[in-house]
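To keep things simple, chains are lettered A, B, C, D, E, F, G and H as they appear, and every chain counts its residues starting from 1.
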Amino acid sequence: MRNLLEKLLDGKITLDQCETLLKAQNIQELGDNIKLDLKRKDRTGFPEAIFAENKSDEDIILIINSHIEKNDDNLIITRLDSNRFDLIKDEISSKDKDFKLIFNKKARILIVKLRQVENKDFKVGIITAGTSDIPVGEEAKVIIEESGHKTITSYDIGVAGIHRLFPQISKMIEEDVKVLIVCAGMEGALPSVVAGLVDIPVIGVPTSVGYGVGEGGIAALYSMLQSCAPGIAVVNIDNGFGAGVFALSIVNNL
Amino acid sequence: MRNLLEKLLDGKITLDQCETLLKAQNIQELGDNIKLDLKRKDRTGFPEAIFAENKSDEDIILIINSHIEKNDDNLIITRLDSNRFDLIKDEISSKDKDFKLIFNKKARILIVKLRQVENKDFKVGIITAGTSDIPVGEEAKVIIEESGHKTITSYDIGVAGIHRLFPQISKMIEEDVKVLIVCAGMEGALPSVVAGLVDIPVIGVPTSVGYGVGEGGIAALYSMLQSCAPGIAVVNIDNGFGAGVFALSIVNNL
Amino acid sequence: MRNLLEKLLDGKITLDQCETLLKAQNIQELGDNIKLDLKRKDRTGFPEAIFAENKSDEDIILIINSHIEKNDDNLIITRLDSNRFDLIKDEISSKDKDFKLIFNKKARILIVKLRQVENKDFKVGIITAGTSDIPVGEEAKVIIEESGHKTITSYDIGVAGIHRLFPQISKMIEEDVKVLIVCAGMEGALPSVVAGLVDIPVIGVPTSVGYGVGEGGIAALYSMLQSCAPGIAVVNIDNGFGAGVFALSIVNNL
Amino acid sequence: MRNLLEKLLDGKITLDQCETLLKAQNIQELGDNIKLDLKRKDRTGFPEAIFAENKSDEDIILIINSHIEKNDDNLIITRLDSNRFDLIKDEISSKDKDFKLIFNKKARILIVKLRQVENKDFKVGIITAGTSDIPVGEEAKVIIEESGHKTITSYDIGVAGIHRLFPQISKMIEEDVKVLIVCAGMEGALPSVVAGLVDIPVIGVPTSVGYGVGEGGIAALYSMLQSCAPGIAVVNIDNGFGAGVFALSIVNNL
Amino acid sequence: MRNLLEKLLDGKITLDQCETLLKAQNIQELGDNIKLDLKRKDRTGFPEAIFAENKSDEDIILIINSHIEKNDDNLIITRLDSNRFDLIKDEISSKDKDFKLIFNKKARILIVKLRQVENKDFKVGIITAGTSDIPVGEEAKVIIEESGHKTITSYDIGVAGIHRLFPQISKMIEEDVKVLIVCAGMEGALPSVVAGLVDIPVIGVPTSVGYGVGEGGIAALYSMLQSCAPGIAVVNIDNGFGAGVFALSIVNNL
Amino acid sequence: MRNLLEKLLDGKITLDQCETLLKAQNIQELGDNIKLDLKRKDRTGFPEAIFAENKSDEDIILIINSHIEKNDDNLIITRLDSNRFDLIKDEISSKDKDFKLIFNKKARILIVKLRQVENKDFKVGIITAGTSDIPVGEEAKVIIEESGHKTITSYDIGVAGIHRLFPQISKMIEEDVKVLIVCAGMEGALPSVVAGLVDIPVIGVPTSVGYGVGEGGIAALYSMLQSCAPGIAVVNIDNGFGAGVFALSIVNNL
Amino acid sequence: MRNLLEKLLDGKITLDQCETLLKAQNIQELGDNIKLDLKRKDRTGFPEAIFAENKSDEDIILIINSHIEKNDDNLIITRLDSNRFDLIKDEISSKDKDFKLIFNKKARILIVKLRQVENKDFKVGIITAGTSDIPVGEEAKVIIEESGHKTITSYDIGVAGIHRLFPQISKMIEEDVKVLIVCAGMEGALPSVVAGLVDIPVIGVPTSVGYGVGEGGIAALYSMLQSCAPGIAVVNIDNGFGAGVFALSIVNNL
Amino acid sequence: MRNLLEKLLDGKITLDQCETLLKAQNIQELGDNIKLDLKRKDRTGFPEAIFAENKSDEDIILIINSHIEKNDDNLIITRLDSNRFDLIKDEISSKDKDFKLIFNKKARILIVKLRQVENKDFKVGIITAGTSDIPVGEEAKVIIEESGHKTITSYDIGVAGIHRLFPQISKMIEEDVKVLIVCAGMEGALPSVVAGLVDIPVIGVPTSVGYGVGEGGIAALYSMLQSCAPGIAVVNIDNGFGAGVFALSIVNNL
């Protein structure tokens, strides 16, 4: 800053130029500090993640290859259909780095594995109301396991078949899960019922599985937000990724 | 019709006039036949009902007094707040007919009683998720009882307090109710849970009790329409009256 | 429960473990009781049904083959397009059980037939406003007939051609139908008009046939919910299945 | 324009000033021509109308008094509640002009009468589904009669009481109405049913009388727009004024 | 009716059977009368029309061939894409009747021509805001011309290029059009501007041409319904057919 | 159950009665078990809470007085405006129990205090974007503190004044808060920005403070659900209570 | 930072404490830098503004009095109804500072004047479609004039009365306005028409003046966003303040 | 006009014909004047632009070829997918004019280049939150550069990675950009954060990149409209073109 002011005094820059450059410098310094702060991020256990929808294959290949060159952490690509994975997998390469590509078809997630993740102690329970909700549950599962924690899953237990619900919840409590992720489309009542039975945090994930008035998952979302049951919070429709990361923010601080 | 054609031939009316009058006559005849048909209605057990909201006090007084003069059946006024009832009750009168005014404050229903209703055999169960839903449940109750059938009510048993639900449903089945009316606002999950437990028709009535995304009852409505449970149908938000009439259409045909 | 407490006293498990296991056991017991209760379900006449949309072909084949091995009841697959049926039909097999595959193309329903259904006495009327609404009406028809009841259908009688409506309704009343299912998209006025003519329950099924403001069926749904006609209740858009099951809940209790 | 260019050549104005003034002049000339055109408007039979909602009492008094001074045509104030009329009526005055204030309480319309309207030959039919829709129907009525045409009204004939509909329509056709205005809130289906019976233009006016999903009139509006019946067009919710003016645009050209 | 009562007295039918059959007969008679009334329809100039969207090719062929056998009037098939027309055209046939198939690709309308339409005197103006709105305008055009009236079209004159609007409107007034149909997507302001210039009825047709907040045509629809301009009414989004029929209901009564 | 079967064998009840009573008993048993399970609830730290909106004053007084008689735990009444509190406070009484009424005007919460809550160790941070969001933040605060945990609040720090945000977040991290509750109406972006800075769970609470497109809080809700920031979940609009309970479900399990 | 690390090495703080404090310090530093940057803000010409809606009178008095003590810049309070101003004006005071309260009733803005604003050179044009839109226009006007710039206003010139528009626009161009703010409710077409006539930036402000489908201003907003006219951008419904500030961001950089 | 009146006096036309022709002439003259005015447009720097979506390939080829024949200005075709460009490019031709086709695949824009654009002095900054938003940013970029101004772009800097934001903004201020265009889908908060840092106009462009509740871009749009940050206005979802033209309306007047 002093440097700029000296230039101003020496007449090398005008007052206007000086003001413009000072404004720019102020914002630049903000960035520098934030970068310092961001180093902390690297330790928190959320690997970097890329949302593949709305991105071209070229963009994704570019992002992955560039990540491999510059980083030692794993990279997660979400919402990548298996046929898109087949199209791009041979384009991913590195001259001098070792990496593995691990693709989970149900979850539509690709993990670019640059290092092994250390095992951690906690368990997260993942429940889906129907088989159609499984991809969302799997997305959460991969995110959590990629951070080293464990998951217990119980898929296809809806409110209509309430008898399938109780023994599954029972088993999860027995296994000492710390958080429950509950994915449901249609009427979205499952998280409410589950939250009425347990005293750990329940993360509701509405899915886009409904039809008619519930098309796109809005009915399930609204139902979960309206829930009278205690201890429930919600993420965006189909956002298994976000539910997983939120669960991590809880178990990483235990 | 022949009459008109004769007039046409006699030159008393023009072709245009004749055509216009014939069109009118055709529609008139429709009306006459329908009136015949409508006599049947009088025997079906649905008393005539007036929706008081959006009507001025003057209009309601006029409708009631005119009904008393011309009919021997009872008249039901729905959605009449108690303070409105207080304002109009002294204006309702008849020179030569006996009638009673029976006002149910919770249900906001006024019955103009011109004759006694005969008792009938069947029972309808009415459940509300919370105390705020009671006015809607009461509306259904009055409608059903005014037709001579019986009701069993169980108010304030939500999904969050699922333990209060089971013994109540149990008791209703024991009492052999033929239909269940389930009123719920908020997340509207109660009808789904109930329909998962019984094998009689469940009529869901969403109520406008929610707030935030559920304001006005839309979340509850959508949740009920999306229900995966078998044997559930839905009426409009807060439409206890419609639920009662629909229940009557079932029990009257048993 | 005593067992756990003894283990606690004997020091084989800690207080924390004991508490966790007791919580789990409580929920487990709930499940056991509900299972008892659920046996009752098997007798109620609703065959198990699977919603094929949003499920992969693999999942559906798995569900069907697994059902055949473990059950003697029929299985219904709804919303299965004919080309999907063609793709999966050869994968459905059993080593030692006899079954038949009955596919209704219009209704998009596959019935996996493991046993013959006994004939029952009641009739349900099914009406559609236009030919485009027929698949929804057919879905209801298959569900009802698969339970052994009869249906009378009358397709393509809209409000605009109101003259086609009356003789059809007349014939249905003559045949003593116990419930009317009325499917309509566009302006959705048909169920109101029908309910104004008859005194049996009318189940409105909005269909997604509309366009412009009515796209997806919301206009038809709202129109039906708003109906002033007596004795009408509504299911979700295109939910012929739900309408059929609700009709069964009425006729099974006659 | 030449004048400006000469000033430019003479150096009395700069090029920039000249350009700015030319731009302004172009737009000004547009305005002048449009004013010529607008004189024609005065003969078309639509009196000037002011929408009172969202305007302060002061503004309305100002507009009326200013109109009286400058015009010889009548002025219509719509959506003016009777208590607002009571507040402002004594403030309306003129030093030297004769006028009358005619207030229609149901229609919530004030007519500031400066001259007598000549009688015209045509009739417009106005129908409302319920008594709550009458204010909207009355608004249309006043607008049409203020232009010298006649109206025939038939209020409170819904689809649920379809027997009340036919003789009324019959009478209107007999009276040779040229257009039908049909106002309905709950029963958005009424215009469809009417349009299915007649072969003159039907103008649907949705009203905000509904509740639940129909609150604010959206359900009625969508139902009318979706209508399969021939010869129906729609105006905004509660827009009796617009329906009246549209009807005038038809009968004034007969 | 007497017949039934006699049977009842003779004990040939039970009281219940008699009641059921009388109910049916009442409704049947309604139908008979309405049929009489409907004969009138044939003279009103609206040819029968079929909406092809949501109907299978098989259904459409069936409807057309059956129409040809039983009628002498023309039949209109709307919303029929040209590739669908190519698929079905060879399946349309008749053993003994002469007919012509006239397909308008832009309008996506097929006319099954069984008789020549007589020429009539009136003109309807059709305006579209952009080239993308032309199919909707063409749909209205075909409907009107198929009834024997004339149309004058002016496509692609939006509000942004307001200078293209004035001479076109001028020409239409000069040609003495009786009604103006104005099709517009995007902000839907064109009908308001046009209605501000003329004193004949303006029918606004919102089109689904918008994007972003206007996707599907809702912004255009709402804009037209909100219009402050006098003499404007609206039909459903993309409903060129409805606009054409409504225009006919006006000009047929001139 | 055996008892019922014996009665059946002894002919004291019919088969139908027996079936009905067995169905009822099954459901009753479910209820008994759930009650056992619910005892656990009493120990989890969520005091019973009543939502006062939509309930009459009479209902609330009844609920409170009845609670005092039957319980030793505290009771929380939420959404109770101070003028309503003034109206009811003198009606709350008990013959033989000691209690205190603690009313928080900003939070609109009444605590009926029957016993002292023990202090616990953890801290929850509560942030609001503007002063208008404070009531929602206070609601969460009272809920958390009533369970014995501590809160640190920082009100009125929006995104537009981002400089006010950083030192506050810094202080909260320093104080070792375990969860952050972030309430925002206009600035729905605040939880995203906060979640981008910390690695503990962030609970977003949209408030109904917005206007225009944001009226009712929907814009804020959607903005939070869309957040790309890691570690964020959301509760219903204005649901400070739910956010507080969810935060408790996390800290109670630490 | 070094200080903390030394403490860590000296064992005065634990590793965990050190990590927590470092995290906090990083964020704190961000705040410090941003504060530096924010000083720049003081020179940009946007006075601090407070939105009074949703704030209690107590809060507003507190904010104003506290501002007066600590600042020398003016303070703007928006959306303050005149009756609220009357209630609070006597509570605003300062021991030792001079200030003036300037209240604009139409604009509902209070300016707490601590210093005189210097006059600037540029003009902004403000147009409203109707008299009901004037408060929104006035809000923009006060904001702009409070920054020292000039405004030219032209209120009540809608699309329906297009002849009133042209001379006004002409005059504004003549006066060399640099930006046009156009406020309109109802169909919101005015900004599109204006933007089609001028080549300076047009800021559209939808107002909540509509009714029916346009209630709350959504129709006007969508219409403006959909505009095909060049050079138009939009702010929130009724956001005259935002339009004014955006206009300032343009003219302050000329 | 005189001409028409003379014809009238001479009896060559009737009074009615004369009136109709005068009406037409009035509107025609409006058009003539507006055309004069529109010449001005040619100088303002917005090249003519065609929106390719919803137009057939044939229409686009016709528009381009016709433009080339009649104009010397460039023509811009927006929203033209690269595969559509491949299909039509060989059909674009001219007998006697030189032109170049410049296609930008990311921006989906085709420029039909008939003349070179002169370079201008100002810079516009363009920022996108994610790589998926780049096409929208590119659309704005091409529009601005095609008018001769310069752009500085910074793609993929979201709120979640706030550290990437500051140095980029800093650089843009340093480069003296006059306007900032900020495109964001998921992160609708980005324009708010940017506007909080700079004192030049910020144009927010919501993109349709979101999913779940944000699908189609509505959440991003509402978030931007709600922004409390000063100096921000918004265009339609994905409307990079509109943002570019609005930016030009600012810089062209500097």
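To be clear about the criterion, a residue touches a chain if its C-beta (ideal position, glycine included) is under 8 Å from a C-beta of that chain, and two chains touch if they have at least 3 such contacts.
These figures come from a predicted structure and were not determined experimentally.
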item: Furthest chain, CA centroid comparison against subunit H; value: B
item: Interface composition of copies subunit F and subunit G: same or different, split at half; value: different
item: Same-interface partner of C-D, chosen from the options F-G, G-H or F-H, over half of the pairs matching; value: F-H
item: Centre distance in Å when subunit C and subunit E are each reduced to the mean of their C-alpha atoms; value: 36
item: Centre-of-Cα separation between subunit G and subunit E, whole angstrom; value: 49
item: For subunit B paired with subunit H, centre-to-centre distance based on mean C-alpha positions, whole Å; value: 55
item: Multi-chain contact sites of subunit H, meaning residues that touch two or more partners; value: 23, 26-27, 30, 34, 37, 40, 162, 197, 212-214, 218, 221, 225-227, 230, 236-237, 239
item: Contact footprint of subunit E on subunit G as seen in their complex; value: 129-130, 158-162, 186-189, 192-193, 195-196, 210, 212-214, 218-230
item: Subunit D to subunit G touching residues, read off their complex; value: 20-21, 23-28, 30-32, 34-35, 37-38, 51, 53-55, 59, 63, 206, 208, 216-218, 221, 236-239
item: In the complex with subunit C, residue positions of subunit B that touch it; value: 37, 40-41, 44, 46, 178, 197, 199-203, 221, 225-227, 230-237, 239, 242-243, 245-246, 248-250, 252-254
item: Subunit E partner contacts - residues on subunit C that touch it in the complex; value: 130-132, 162-163, 165-167, 169-171, 173-174, 176, 185, 197-198, 209, 211-215
